[in-house]
Structures are given as structure tokens and as C-alpha cells.
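Consider the two complexes below, in which chain A is the common component and chain B and chain C are the respective partners.
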Partner chain A sequence: MADSADDVLTSAHVLEYPYSRSVGPVIGAFLTGLRDGKIIGATGSGGVVIVPPTEYDPYTAEPTGEMVEVGPEGTVESWAWVGTPAPQHPLETPFAWVLVRLDGAGTSMLHVLDAPSPDAVSTKMRVRADFVAEGERIGRIQDIRAFVPAGSA
Partner chain B sequence: MTSGDQRGPSDERGPVTTLATPIRLDYVFSAGIAQSRNLRGLAEGKFVGQRCGVCHKVYVPSRGSCPVDGVATDDVVELANTGTVTTYCVVNVPFAGQSIEIPYICAMVLLDGADISFMGLIQEIPTDEVRMGLRVEAVWVDPEDLGPTMASVKYFRPTGDPDADYETYKDYT
Partner chain C sequence: MPRQGHRPVAVVSFAQADNVRRELRRNEVETLMPVFAEVFSNIGITKDDVGFICSGSTDYLAGGPFSFVSALDAIGVWPPRTESHVEMDGAWALYEAWVRLQEGDIDAALVYGFGKSSMSDLSKVLALQLDPYVLAPLWPDPVSVAALQARSLLDAGKATERDFAEVAARSRKAALSNPKAQVAYDRNVAELMGEDYVVSPLRTHTLPPITDGAAAIVLAAGDKAFEWAERPAWITGIDHRVETHSLGARDLTASASTTKAAEVAGVNDGTVEVAELHAPFAPQELIVAAALGLGDDVLVNPSGGALAANPIMSAGLIRIGEAASRIMDGSAGRVVAHATSGPALQQNLVAVLEGV
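What follows is the complex of A and B.
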């Protein structure tokens, strides 16, 4: 664009705050599990395993109990295809947001499914958590890089 | 947390207790036509404002309209390099991201010919000698470093002229 007197100047700005939050004993155990390459749930009042775990049962408000390992495979309950990922999305290639009910869990968890196309995604399909390499896991949900179709490499 | 409490079998870092949750906003700021003129002026080492056709006040930097009369300010005015300190404060408190050595003076400077003051750094004078009415001039960065930014103005310094009469700037304090 020619630099004429009436061209409007623009400038790229970034506003960023480096918050950190304390996670408490239950989410902390979940994140510690992710760092260890495991997915941890909490047992609710009726024996239902809640994943990700909550400190209190959402129906009875009683404290949740024993922490148990679930997955790493599970079943897709619902999904939405993202054909054009935005910069803030966890994957750079097209992917699906999925609600995954992990084996042993009574609730479903939101994550991403790395699949080649929407034709490769369906409800009830079996998927598996694909963790990032052990040395790169720090205790955050991104320690699971993505879910992938079960049985794939 | 005591040693070994809740640790994973393969990890000596202890349980995860905090989570980094940065929030970040990337955006493009558009300066608008009026402010772009002002910024281009700064890139040439001069102050450019705009005059209201109704009240004839000169705004620098102009937002493109007169806040009193609600009309567009299309009359572009080049302003002097000199002005008057209308009010100021001495910054003594260090803070994160500070780039200027404390103490320093942050002043409102009313350029000659302008009807609104703007904030400027005052240097080349002891902080306890800065005063309302002090006559100052802009010191610009080297010509090769000039750009469309207020950073083109390094600071203001005293001209050595007698102080401005309070009556000349009392409406702007």
C-alpha cells in the first residue's frame, strides 16, 4: 500500500498476563497423573467415577472419594469437526472436539481427536489417549497431545 | 507437602500444585486517520494537531473530532517544538517494566498553539527545580531513529526562557 497521507496506521499489540492458579488436592492428583502418563478420576457418591475429577459430587455435594485410574481408551460420545483450526487451538491440523467416556469412567471428558477427516469420526468410535513424551509432560491437560482412533499407531 | 506424599512412582518433583494459565490477546490497533497524521508527523520530528472549525481549539494528538462541538476536525495544524509545563509529578516509586531511572518527572506539556496538554518526560533539570510554567522544548531521537511513535520524542528539556505567566495556561491545568 502506498504511504499516502491518509492511510491509517496500524500496529500489532499483544496483551498477556502470566497467571498461575493453585489446583487443590483433587485436580492436582489428576494433573500429577497426567504427568505420569495416567488419567485419574474420583469416585462419586454412587460409585460413579468422575473424570476429570471434582472435589465434590455434583449431585449429592458430598466429597468425592477414592482416586482411580481410567482409560487410556474410551468411547466418543459426541464430537464437532474443526476444519480450519485457529492459532489458539491445540492442533494445527483439522481435528474434532470430542467428549470421551474413558473406560471405567461414568462421565465424559472434553478433549481433541486427531483424525484425518470428519469421515473418520463417529459417535461410539473407540479412541485412545496419545500422551506427549514423558520428559515433556508437566502436569497439564495438554500432556495428552490428543486422542487418536484406537488401534492406530 | 512431606516427602513422598502422593508422588507418582517415576517422579521426584512432587505432586502438581499449580497450573500456569496465561491469558493472551493478540490484536491489531488501528490509529485512525487523525492520529495517523500525528504519528506521521512524529516520524518527521514535528507535532501535528487538528483545529476545530467551530471553537477553533487545537487538539494534539487529535482523535479526529472536537469533543465539545462534535464536529470533524479536518484543519491540520503543525505545532511548535516548545511548550509549557502545566502540571507534573515526581515519580519516585519503582515498578515492574520501568525503563527510566527514578526519580524522574512526568509532566503535562501544553505545546505553543495547542489547546490540550499531553504527557511528557522532563529531563536535563534537577527534579526539585521543575515547576508549573516551566518553558520546555522537545528533544527528538536521532533522525535515523525517528518513527511514527511517541518514542520519537526522547524527552522535553528547559529552554531557559522565563516561566510562562500562569494566566496563559490556567485553563489547561
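What follows is the complex of A and C.
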């Protein structure tokens, strides 16, 4: 069957799931931290700091404990270069997805790295969180605009 | 035969729809109807011969809550029949049916999975299965998540980009003999390595096709299996495990959940002749094969696997069907089937099937 079948009636169907969620004490603290320009993790079993924090340790399922500040610098653990960003992606220009292990954290966090080309990106490179301006942050993951190479302006 | 304490249950029939990029004329019910007709007529039974029906699909594709209920119209469930559904690949519906058959009061079940990927943008739909607070708002698409996993594999020295291309070349070549394959070709590794990156380090050949499709399996217990099939594919072990949803808290180069499921299913309690692995992205096949502990002598994905056709919500069930078919057609005596769900191999199901 051809894709361009003129006799097939099609129409757009826009679907939304407009749920309101309560984020709770742990993710809530993380998002509130972002609003304040800080990255907060939760201490899991054996003292491993989990970032982004979860209410339960992902390995032992024990409740997590003390919330601690990590970063804002960290190390790239893995990356993937997006040469053609999609409209829904956080950056309009080519960028890298990165898993960043923030200083003080025992797990990695997914975000985007604003870098000029894949040649400027490598595993183990040092990066830092670049927050959107104070007053424009509302307590969401996008309060971090992107990560940028550490030491850059 | 089944492990101690389990009622013997076997795959006795398997059918799948044509795997196509875009099924414009048939809706889900119309896609499923010929699949059900085939899966029943293979063994000369009707819908009235199964005591339980279980399906796997996702409402996010059709864009309506409980849209899976309408798929039952393809069976015509009158008089009423016990029915269930999982918002997962049909492989997990098969698991539920296997558990249901352990109860002992019914002897057969119909399992199916279906999905029309073409009705929506999978790069958006599959981003919505991620954590809704810290991941989904960034819209990481499945290719990007798989690329992060592939990079980890390269960095760890566990594979090369050439290894990825070899998986793709072998799978698509095997697919040439699979009449249901959507993507099949005979191209050498060097040629594939010359392709551009989609999201580096993944080139076009490492990606699965986007597929509309459906599949169905009939399970039968005990004597009923021998009544309906000459060589039932007995499920001698089956298990599934899940890992954390937090991508950065996992070792993406390994699959702990696959290894655990394989251990419980007893994969290495005997020789594995054929393995059908649900590894949508080429690098993932290397991870799954290692996690299962498969030797070099195992024939992996003679169907071409998910790289040949990746119908959402049935590609895992098809792995079980393809593996079972190797038993039913007499070409193998002991096979392994694997299905995956979630980002970067988050959740995995492993089944061992044997002839008698």
C-alpha cells in the first residue's frame, strides 16, 4: 500500500494529559533547590548521594535520608550528539545529551550540554550547570538552561 | 519439561500481521482480525476454545483512554470471557496468561499485542514513559537515550562501532528469509559504517524501523497442548525483572535485570540453540547476549529481530513466537526468547522454550 493514498481520510488529533501532580518532599526539595539556583541530592544507602533525588534508594529500596547540595560542576559520564534538534528539545542549536555526575553525587543526571560541536565534547570532560536568570526560575528541570564546559564564560 | 511446581504450558500457535511503516487502511481491529483467524486456524480451534484473553498495547498511540478495549471487537467476545490487558508489550501479556494458566481451571489462553506507531510521533510518545519531573520535560527521544547507552558501551571498551554495524548487517541479512520483515538487505559492514550519524554514536543502520503491526499466540496447558500441536514449544522457564527508572543510576553497559531473569528462567541449565532477542537498537543486542551468557555458537535472531521489524507493543511477543516456531517446526530443541520494555533496556523478560 502506498503512503500517499489520496482516498484515505486523515485528520489531526491533539492529545494532552493535563494532570496536576504533587511532587512530594524529595523531588519537591530538588525542584525548589533549582528555583534557588542549587542542585540538591538525597543521601541513599551507604551514603551514596542520588541526583536527581528519589524517595527510595534505587538499589536497596530503603528510604533516602539527608538532602545535600551537589555541583554545580561535574563530570560527563556519557554523551550523545544531536545534530538536528527537534522542536521539543531544550536547545534550538545542535547540542549533546549528557549524563553528568555532579561533584558530590554518586549517580548521574541527564541534561543537555551547550557545546559548539561534537569535537568539543568528550567523556570525563568537566562541565557546570548554567541556570536561567534569578526571577525567571520557577522550580523545574529547565531552570538549568543547559550544562556548559567548565571554565567557559 | 517445566520446572518443578509449574503446570506445563506451551506455545501452540503463533501469527503476526505484515509489518509495515504505515498502515493507512486498517485500524487496530481490522489489523488484528486476520491475525486471530490465522492463529486459531493454524491449530483448528475457535475463540470458544480459549478460557482467557490477555493483550498488550498502549493507549498513548491511539490517544484515548481504554482504547485497548475496542480491540476485543476483533475477537467478538460473546458469551463474555475473562480478559485482561497490560500497558506493555504483549510478551508481558503472555506472562500474565502463563500465570493465569497455573491456576489449573482453564487449559488455553489467547495472547496478543498490537500498535500503530504511525498514528503519532514515537520520539515524543516514548519520551513520556520517562520520569515526568526530571526527564520527560527535556524530551529525550528513544534514539538519544539509546545513543547514550551506546556511548557508554564504547567508552567501557565493551564494543566498537564496527560491532554495532556487524549486528545490523547480520540481522538485516537474516531478515531476507523472513517474509514478515520490514527492513531486509545484504550490505557489508564497511558500507554501513559509511552512513551518517542520526544521533552520534548511532548511525542509521543501528536504529530499528518504525512499524505498525500486531501478533498473537495461543498458549495451551498439559494434554491440550499435545491435542492441538504436534510439537508444542513448552515454556520451561519464564521471568521478568525491572531496574530503576533513573538512567544515571544504572550501569547502561550491562543488563542486570536480564541476567537475573535468565537465572530464574534457567537459561544456562542446558544448551541454547537459538535465541530471539528484542534489542531494538543494534548495540543493545550485544548487551542482552552478554547478560544472558550466550555462547558464540548460539544462533541469534534468525528472524532478523527488532532491527527487521519493530512493531511497538508486539515486537517482544514476536520474539517468543519466532523462538517457539523453531521448536514447533522441529529445527531446534531448546531456545531462548527475550523481550524488553522501557528506556535503554530498563525491563526485561526471558523465556526458555523446549520441545519434548
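Quick note on the criterion: the second predicted complex is superposed on the first by the 135 of 153 C-alpha atoms of A that agree within 3 Å, B and C clash if a C-alpha of one lies under 4 Å from a C-alpha of the other, contacts with A are read in each partner's own complex, and residues count from 1 in each chain.
One rule holds for everything that comes next: contacts are C-beta pairs under 8 Å (C-beta built on N, C-alpha and C of every residue); 3 or more make two chains touch, one makes a residue touch a chain.
Just so we're clear, the structure is a prediction, and the values are computed from it rather than from any experiment.
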Using the superposition on chain A described above, determine whether A:Thr54 touches chain B (first), chain C (second), both, or neither.
second
Chosen between chain B and chain C, the partner touching more chain A residues is C
Which of chain B and chain C A:Arg140 touches, first, second, both or neither:
both
Answer with first, second, both or neither: which of chain B and chain C does A:Ala12 touch in the superposed model?
first
Can A:Leu110 be said to touch chain B (first), chain C (second), both, or neither?
second
Shared chain A footprint, chain B vs chain C, residue numbers 5, 8, 10, 13, 15, 21, 23, 27, 31, 140
Which positions of chain C touch chain A when the two form their complex?
20-25, 60, 63, 120, 123-124, 127, 131-135, 137-141, 144-145, 147-152, 155, 197, 199-202, 244, 246-249, 252
Residue ranges of chain A touching chain C (in the complex, touch as defined):
1, 3, 5, 8, 10, 13, 15, 21, 23, 27, 30-31, 50-52, 54, 58-59, 77-83, 86, 88-90, 97, 99-101, 107-112, 118, 123, 140-142
Mind listing the chain B positions that touch chain A in their complex?
6-11, 13, 15-33, 35-37, 39-40, 148
The residues of chain A that touch chain B in their complex are 5-23, 25, 27-29, 31-33, 35-36, 38, 87, 134, 138-140
